[in-house]
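Here's the structure we're looking at; comments come further down.
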Amino acid sequence: MISIYKLTKQFGKLRALNEVSLDFTLGKSYALIGPNGSGKTTLIKSVLGMVIPTTGKIEVDGANIKNSWLYREKIGYMPQIGHYPENMRIGQLFDMVRNIRKDPPLLDEELMEAFALTAIQDKRMHTLSGGTRQKVSAALAFLFNPPVLILDEPTAGLDPVSVEILKEKIQQEKDKGKLLIITSHIMNDLDELATEVVYLHEGNVRYNNSIAELKDITGETRLGKAIAQMIRSLEKKVIPEAINLK
Amino acid sequence: MPRIIKYVFYDILRTRFILLYTMFLLLSTIAMFQLDTDSSKVILSLMNVVLMVVPLVSVVFTTIHFYNSYEFIELMLAQPVNRPVIFLGEYFAVALSLCFAFTAGVGIPMVMYGAGMQGFTLLYSGLMLTLVFVSLAFLSSVLTRDKAKAIGVALLFWFYFSLIYDGLLMWIIYSFSDYPLEKATLVLVSLNPIDLARILMLLQLDISALMGYTGAFYKDFFGSSLGVIFSTSVLTIWILLPVVIALQIFKRKDL
Amino acid sequence: MLLHSYGFAQSSRWVVQPNGKIPSIKQAIALAEAGDTILVKPGIYREGNILIDKSLVLIGENKPIIDAAFKHEVITVRARHVNISGFKIINSSVASMHDPAGIGAEEADFLIVRKNEFYGTFFGIHISNSHHITVADNTLKALMRSDHETGNGIHLWQCSNAVIKNNFIHGHRDGIYFEFVTNSVIDGNVSEGNLRYGLHFMFSNDDDYTNNIFKDNGAGVAVMYTKNVKMVNNRFEKNWGPSAYGLLLKDIRDSFVENNLFDQNTIGIYMEGTSRTSFKNNVFSKNGWAIKLQASCDDNIFSENNFQSNTFDMVTNGTMVLNTISHNYWDKYQGYDLNRDGIGDIPFRPVNLYAMIVERIPTAVLLWRSFLVFLLDRAERIMPAVTPENLKDDFPRMKPYDFNL
């Protein structure tokens, strides 16, 4: 579904991504992990076309995304921190996005209802708490029933009940055979939601395989521990400095 | 694009700044007409507003707006929307609202009190300068990610065109005062949109004095249809050029 | 021969008609005696140059046309007490040596030229060494040619007690030209669209010119080397150009410039060598420079004038102030009137720094009304460095005078 070939992104002196090649297949769920500043968000933004690659290319459904935008119909994106026009009301925001996506396919308003967003649709964005914003972001990402979902820290800032609602929703979509790319620092969540793991460090892909495989190799049963184990083994080989894995 | 324009437009209207700007223009224009019965004296005071305040407000408001719209732009970029559509949508919405504010704030009182050809020229110059400085502000906004820096660059544009350029022009005029400069100054004046707008106004307000220097040259030139086409084209270039450059940068910009 | 007698023993009346007994004006003049009247019926009379050498009254009925076909002076007058009225006088020759005219008169005291139309004449009316003459209600339109191919409209040289009244003059070199003409009146004329001056006036003392309109002339009006002139109730309008003046005064003394309107001239009044002259109750509006006062002027009084919408009100090339300026209305005045006596409490300085700069560098006018100039001007107001300290109106009026001009 999404193929990345030798993607490099340079921000001034900083190389955020270094010849990253990855394949994201429909039906699988990817946990994208790595320390802060490892290039996760840059990678996601590159796929969305928000960040323009220095070299390399990205294909979605076999077509290069350079200078194209229609492919984004297939992607639902939940940003790490949702920035929205501050003066807009929730209802207007949803109307607007629906309006912009010209012919909305079958709408999925499940999350809107589950988060009871319709009840507060007259609230302006700047009055919302961080958690409520996250709910809005999540509801928007799922609204158009896209085959690809990119979720950047989906559960951060949500209350426990909402976390469960969201996780259930993600699980549901995963079962429908969608492609999910999730970044999170909460390993337990990823353990439940992801089937694959991609580990990024300083712009390089350090690990890319299934979670089952990883657990198998490390002999751990929980993803968190398995990853810690993996990092330690990687450290011994190539990474001299300590890695802060929250 | 109309959908994008619509939403940006709503957003701008909600900040109330445009409303305040419109009221400021409206009240000061009406006050001037009330205090002064001589309409060309009012036009004179309004001219300072048009040459100073309008570019300044346009350039600062646009830059601030662009940075406040980052969220919106980000949101749009995650949707299946073309970048130029987002950018031009922003541009048109900002340009339209500032033009609307100016037309309502200055145009309505002028129609009410009747200001004739001078008023029309003033309105035209004001609208053109609004568009020019919105364009320049968009350019400065895409040049840097830092809001403060962008406002700095935008103010520099304003400062350059309203003061520094004229200082240089003065120096040139002084240094070459022994040469016939009518045509050369015409070109130099065209290189600064504020100066060009000012000359269009001078032709209305100070034609007697201008005739003393250029004879009928400026009057004939700007009064002819060729001159109208010339001044409009030059101002249009001043509007289009920064937008086109800004658009090219925006297309390749990381957000 | 048709002959009408009117009961005057010596006075006869002759009728000229294209197909009549006397088909030519020349023939009638030859037949007539001094004091006779010649009535000319409608028609076109091409008779070369017509010389009037005796006191005759020539009256045209319904504007008969006298056409010199660009070959001669149309009518030449060499007698006293001649009256030429009601003709259309066209197409004189053009020459630079002897100034052919529509009507050329010399030593023609008591000449009357009334209600004629002049088209395509080199000079319109050219009168010299004549006294007690009247030129009234004529229309003169020259073919618009270059400066040296066009003569003056009404040209008087060495005359006195002339009355030039209600004429319309267009397209000549100078509309009205006076040289060594004294004790005369120029009243109610309209002189516009002339190549050089609407009125050109030299060495002509003790004259009045009143109620005239001088508009759109190449250089405006020039009054020079003269004393005791009354210039009252005239309109000087739209005289535009690098050296165009509403009124150019040069070496003038003991004169009056009152109740005039100076509107939309590049320079309203330019004056040098002018003294003991009063400028009162005039309106200066929309001029480039209302007044350019050269340092050679002294003892003039500028009072109770309105200065409105001029680009620059006053400019001078000197620092000495030998003239009195008071009680004028200046629309640029920004002072206040705390005691409410209608007079501003702080003086007004009509000379603006930028006007002085433009004096030296004319191109600099292009920067007028820019932010830069605004700042320069403010700085100068706080610390005057260039503008003459004493050139000021200590009693500026808060409100314009109502002159109804």
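Letters A, B and C mark the chains as written, and numbering starts fresh at 1 in each.
Everything below uses one rule, namely that contacts are C-beta pairs under 8 Å (C-beta built on N, C-alpha and C of every residue); 3 or more make two chains touch, one makes a residue touch a chain.
Since the structure is predicted, the reported quantities are computational estimates derived from the model, not experimental observations.
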- Item | Other chains in touch with both subunit A and subunit B | none
- Give the identifier of the chain nearest to the protein's overall CA centre, each chain being represented by its own CA mean. B
- Chain centre separation in whole Å, for subunit C relative to subunit B (CA means): 46
- Chain centres from averaged Cα atoms put subunit A and subunit C apart, in whole Å, by 89
- Specify, in ascending order, the residues of subunit A that touch 2 or more different other chains. none
- Seen from subunit B, its contact residues with subunit A in the complex are 3-4, 7, 10-11, 14-15, 68-72, 74-83, 252-255
- Query: Across the complex, what residues on subunit A touch subunit B?
  - Reply: 11, 45, 48-52, 69-73, 75, 77, 79, 83-88, 92, 96-97, 99-101
- Quick one: which bits of subunit B touch subunit C in the complex? Just the residue numbers, please. 38, 40-41, 47-48, 51-52, 162-163, 166-167, 169-170, 173-174, 177, 181, 185, 189, 194-195, 198-199, 201-202, 205-213, 215-216
- Message: Touching residues of subunit C toward subunit B in the complex: what are they?
- Response: 240-242, 244, 264-267, 286-289, 308-312, 331, 358, 360-375
